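In structure tokens below, several structures.
Presented sequentially are two complexes of chain A, the first with chain B as partner and the second with chain C.
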Partner chain A sequence: MSTTNDTLVGRVRSHLGLSTDEEWPAVVRERLFAYAVLVLYVVVVWFPIYYIFITSLKTSGEVLNTPVTFFPHTATIQNYVDIFANRPFATYTMNSLVVAVTTTVICVTLGTISGYTFSRFTFLGNKSLLLSIVGARMIPPIALIVPFFDIMAGLGIYNTQIALILTYTFFNLPFAVWIMKNFFDGVPESLDEQAQIDGCSRWEGFVKVILPMAKPGIAATAILAFIFSWNEFVFALVLTSSEAAQTLPVAVSLFVADDFVDWAHLAAGGMIAALPGILFGLFFQRYIVSGLTQGAVKE
Partner chain B sequence: MAAVTLNELVKRYDDVVAVDGIDLEIPDESFTVLVGPSGCGKSTTLRTIAGLERVSDGEVRLADEVVNDKRAYERDIAMVFQNYALYPHKTVRGNMRFGLEQHGIEGDVIEERVSNAADLLQITDLLDRTPSELSGGQQQRVALGRAIVREPEVFLMDEPLSNLDAKLRVQMRAELNKLHETLSTTTVYVTHDQVEAMTLADQIAVMDDGEIQQVGAPTFVYENPRNQFVADFLGSPSMNFLTGELTECDGGRVIDIDGVDHEVPEAYADALAGRTGEEVTLGVRPENVTLDPSGYPAEVTVVEPQGEKIILELAFAGEQQMKASVDPSTEVSRGDDVGVTFERDRLHYFDPRTGACITFAGE
Partner chain C sequence: MSDQQTLRRTLDRWFIPLTVVPTALWVLGIIVYPTLRLLWSSLHSRNAVTGDRSFVGLQNFQQILFGGPGLFNPDFLTYTGHTAVYVGCSVTFSFVIGLGVAMLLNKDLAGRGWLRTAVIVPWVLPYVMSGLMWRWMFQPQLGAINGVLYQLGLISDRIAFLSDGTMAMIALIIADVWVFTPFIIIILLAGLQNVPKQLHDAAEVDGAGQIARFWNVTYPFLKPSILVALTIRIVFDIRALDIVWVLTQGGPGKQTEVWASWLYRTAQVFNQPGQGAALGVVVLVTTFAVIAVLYKAFGDSPYQ
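Moving on to the complex of A and B:
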């Protein structure tokens, strides 16, 4: 008895009042199975990130060692120092931030206003306009890469942050409009009307009453727009050619040469590129959940 | 406070006419109820008074001023919505303050009005909660409070009690009555519930098909319906209608209802003069039907005991269905053959083609 009590399983068994040869109750087995699945899922999701993280802490030599080490022998932050010291990673990061933040702000602002308009007003062609906005997003982006290159070159903004901001806005705004329209559709129109009764013009009612309620929708839109812009690679690669506008995903790809991949530095760059996206997602996700549980109106 | 006047008011949505040229005088300090079935245009009428809908034709006057071109926020009205429309992100206090802040009322006046209204509605201890933390009845009080603090010229209420359970509805109905006595603010109230209309209103406007069918004091309208629609809509269970040919016999007038001769009382004879040989519909409310073995023969088909009364469904003259509301002590069961009589001074006669009440006494 004392030996079984020493193991975790033994402790659980004695806690449940089970003798050693008794079967686990069904409810416990179901729970254990559920946890096993969840743990497996978490491992699958987080392992690549863990692997990049440990690789970023390894020396260039250890990276190529076989068998692969899952815990670095000598952990070092030298790779991080290198990419900022020897390569313009600060500039790349700033490019990424400027492009992603600006795109997000534009998409959220325009998306919110247009979403509200599509949700509340009937005007000539409102349905076909909405469909055409969303339809434009259904074209595979890769099909547009040559036209976009031509347009940006023609406008003289090739290799600028503006080119990327315009491109990412083009791809994200339809989503933003769609999400926000659906969100506003869920807000009873009687709240708009109550605001008018309370003395607000339509615009005031939108700003003072509807907008504060739309935070969860805005958060969702912001996450999508930010993460898309932050992670986007193909257009950034084609529309930029130097550190004047290159973003982190392109910068990271530059560690891949024809005959050599600088894994350690690539991993460090990858971590820098991944971190803000993860933090941004975690922060706003909490916000969405809290916002969606607000009780609004009795229907 | 102010009177509201509707002149030839029309509201069209594309091809659909929701309100078809109504005239209505809503006196200052009155409690006027617009009542009618779904889709009769009563809510649309209320919304045009509020300024939430633009008038297609005719005019809306608030305190003698034509307000057709004024938006809702420029009119001095407060409205209570069916779903209460409380701002979910604001506390009860915030909900009540918002309209006053929008109107530039000073802070201490706002505080005073909010606390007075909260006292009146007994919601003082709820002031710092958010709407999601309130029960339906409490939300309803907050919605009322938000209207009261505004001290508007007119209260507009769009089916405010229909989301409450039956018991709470009766309680809030009484409170609305008291509230109106205390505040005397002109109130326009929309409902499809005729009991609510009868109990709350000092003026009732029965609407159907975008038109006002009849306006008047509730009891008057109940007892003197202008047409068959009004007669049918007010009252539960609704009025019985029995149609037959009017004939003359021994100097009196008789309606032949599927072989049963109903003798028209002397008092109504003049109004029916000249209609001999035409179809005429007799209207009698269930509470004006009494069981009397010497009366017209009928068979009991359904017995519905309701506590304070029993509703009987009767097969009258073979084919025709009618209802009677009788004393709960009456011993009667399904299949019984009974006799029925009608209270002679509580009868109505209608023209079955137009639905108009032939014996309508006038306003």
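Moving on to the complex of A and C:
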């Protein structure tokens, strides 16, 4: 053990008021163990992200050099400049944005109003309707690539953003309804009643009183729907064929040619595709967790 | 009564239909109809020349399941085996790791929020990007894994991860575990927070060891979360194409071909929508069978 480590350990020990021969208290040992494992886990998990990130900053020459470097000799944003200049990455990014935002708006709107009604009212077939909407999210999308391809081709909207938007509502809408229903279940019904006593109509009460209470739920639903749509690959691959509608995940996969992969530029494209996920993950983790928990566990 | 009041009354009377019917219609059009189309497509075959579809009964299923010399289609058996290994190993490893990390994160640690954030990120990246990232990690000459092993002097010859069937499957499983463990962590962590602390403390006072406390106190409360986490993990892995397609594309040879990549290849690459749809039905039925079995086996919890 090195001396710095010894003094650090020594300092911690004296801070805890332990004499040299005294054993660490169980709580401390347990926590140190937890920290050690968690930090190791985080380092291992983040290493690939770090590696692809530094790859995106390396020159194409350095990427192809052995031995592999773990700190770029020359960091450059040239790869990022290249993909926007030589490939239609601005268009891909725009396609991804349009598709993800529109899908999110549709799913959050329908999910919120229906989720509220499913939470508050009993009506003919409400249980079985909710059950089938929720069961629908278990249908594997991959199973439906043939019918979706046929339908979009039949409607003449193959290779359009509309085809992707319609398709993405298929797995996001049931999820949105379910999360929102569970969030509204947590909003006390007495608030509805109070609003009506105060002279609000059903709609006014819903919009003015209940919706503000449901903001965290709406945020969670919106963030998850956005991430799911932004990241989607399979349908984007099946339903598009050119930059008219191709989204970033497909664009990134296009760097893989039969016998050659342009890793430096792929890494740059991959980082752009990953950016919203990383930002949402780092700054809105709370909403992702609450949305997933509401959406999954409350069966 | 003013017009406005009448409008308010009418809108209120129609509150339920106005809020539910749009969603119901949407679901009908975008989920129910495509699913029916799937069944229809699976019973039809497309003429490669004219593009006309003709009714062929169960022939597509017969081809996929029983085509070939033996009783079963050998491809079907092989790819089912790959799918079972892929799903089985990925789910098992991510569950074990996820449970461990979730239990550590459930401790009252300073900086827990940061650790949780750091742990979750892989799951919110595009699967394609993650798959390609791991392909880059496993790249024999330029990838980080051989780079680290070689530079540490642990290997003298670089390992050809993706040109060996077994290694390629291991690479797929590692990528899959990397992507989906955060999901398990999130769900189980939420479940762990439902375990009453007093009960835990009481068990500790009574002298119950760590393992006894886990089985008798934690597990009963965690069971619903475990069920959900496992179900969603298994179901999502059966259908998973993204990582497989960009990391190995079912190769080398067809040694990592799973149901999802087989389905995509059949329907899109080989342009046989009938057989692709039949495979889709197989995936669909399997999915719901798995859910039914899991809920039958583990669904009842004394605490639910």
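Simple rule for what comes next: the second predicted complex is superposed on the first by the 251 of 299 C-alpha atoms of A that agree within 3 Å, B and C clash if a C-alpha of one lies under 4 Å from a C-alpha of the other, contacts with A are read in each partner's own complex, and residues count from 1 in each chain.
Here, contacts are C-beta pairs under 8 Å (C-beta built on N, C-alpha and C of every residue); 3 or more make two chains touch, one makes a residue touch a chain.
Bear in mind the structure is a predicted one, so any value in this text is a computation, not a measurement.
Trainee: In the overlaid three-chain picture, which partner chain does A:Val256 touch, first (chain B) or second (chain C), both, or neither?
Mentor: After superposing on A, A:Val256 lies in contact with chain C but is clear of chain B.
Trainee: Would you check which partner chain A:Val209 touches, where first means chain B only, second means chain C only, and both and neither mean what they say?
Mentor: first
Trainee: Considering only touches as defined above, state whether A:Val177 meets chain B (first), chain C (second), both or neither.
Mentor: Once the two structures are laid over each other on A, A:Val177 reaches chain C alone.
Trainee: Considering only the touch criterion stated at the top, classify A:Leu191 as touching first (chain B), second (chain C), both, or neither.
Mentor: first
Trainee: Would you mind checking which one, chain B or chain C, touches more residues on chain A?
Mentor: After superposing on chain A, more of chain A is contacted by C.
Trainee: Does the superposition put A:Ala136 against chain B (first), chain C (second), both, or neither?
Mentor: After superposing on A, A:Ala136 lies in contact with chain C but is clear of chain B.
Trainee: One more residue to check, A:Gly156. First (chain B), second (chain C), both or neither?
Mentor: neither
Trainee: Go through the superposed model and pick first if A:Pro147 touches only chain B, second if only chain C, both, or neither.
Mentor: second
Trainee: Pick one for A:Ser201: touches chain B only (first), chain C only (second), both, or neither.
Mentor: So A:Ser201 meets both chain B and chain C here.
Trainee: Which chain A residues lie in the overlap of the chain B contact set and the chain C contact set?
Mentor: 201, 296-297, 299
Trainee: Where on chain A does chain C make contact in their complex?
Mentor: Touching chain C from chain A are residues 30-31, 34-35, 37-39, 41-42, 45-49, 51-52, 55, 63-64, 66-68, 70, 110-111, 113-114, 116-118, 121, 123, 129, 132-133, 136, 138-151, 166-167, 169-170, 173-174, 177, 201-203, 227, 230-231, 233-234, 237-238, 248-250, 252-253, 255-256, 261, 263, 266-267, 270, 273-274, 277-278, 280-282, 285, 288-289, 292-293, 296-297, 299.
Trainee: In the complex formed with chain A, which residues of chain B make contact?
Mentor: Answer in residue numbers: 50-52, 71-73, 77-79, 81-89, 98-99, 102-103, 130-133, 136, 139, 146, 150, 163.
Trainee: List the residues on chain A that touch chain B in their complex, please.
Mentor: 188, 190-191, 193-194, 196-201, 204, 208-209, 212-213, 294-299
Trainee: Residue numbers of chain C touching chain A in their complex, please.
Mentor: Where chain C meets chain A, its residues are 8-9, 11-12, 15-16, 18-20, 22-24, 26-27, 30-35, 37-38, 41, 100-101, 104-105, 107, 109, 113, 115-129, 132-137, 139, 141-144, 146-147, 150-151, 178, 183, 186-187, 189-191, 224-225, 228-229, 232, 235, 238-242, 245-246, 260, 263-264, 267-268, 273, 276-277, 279-281, 283-284, 287-288, 291.
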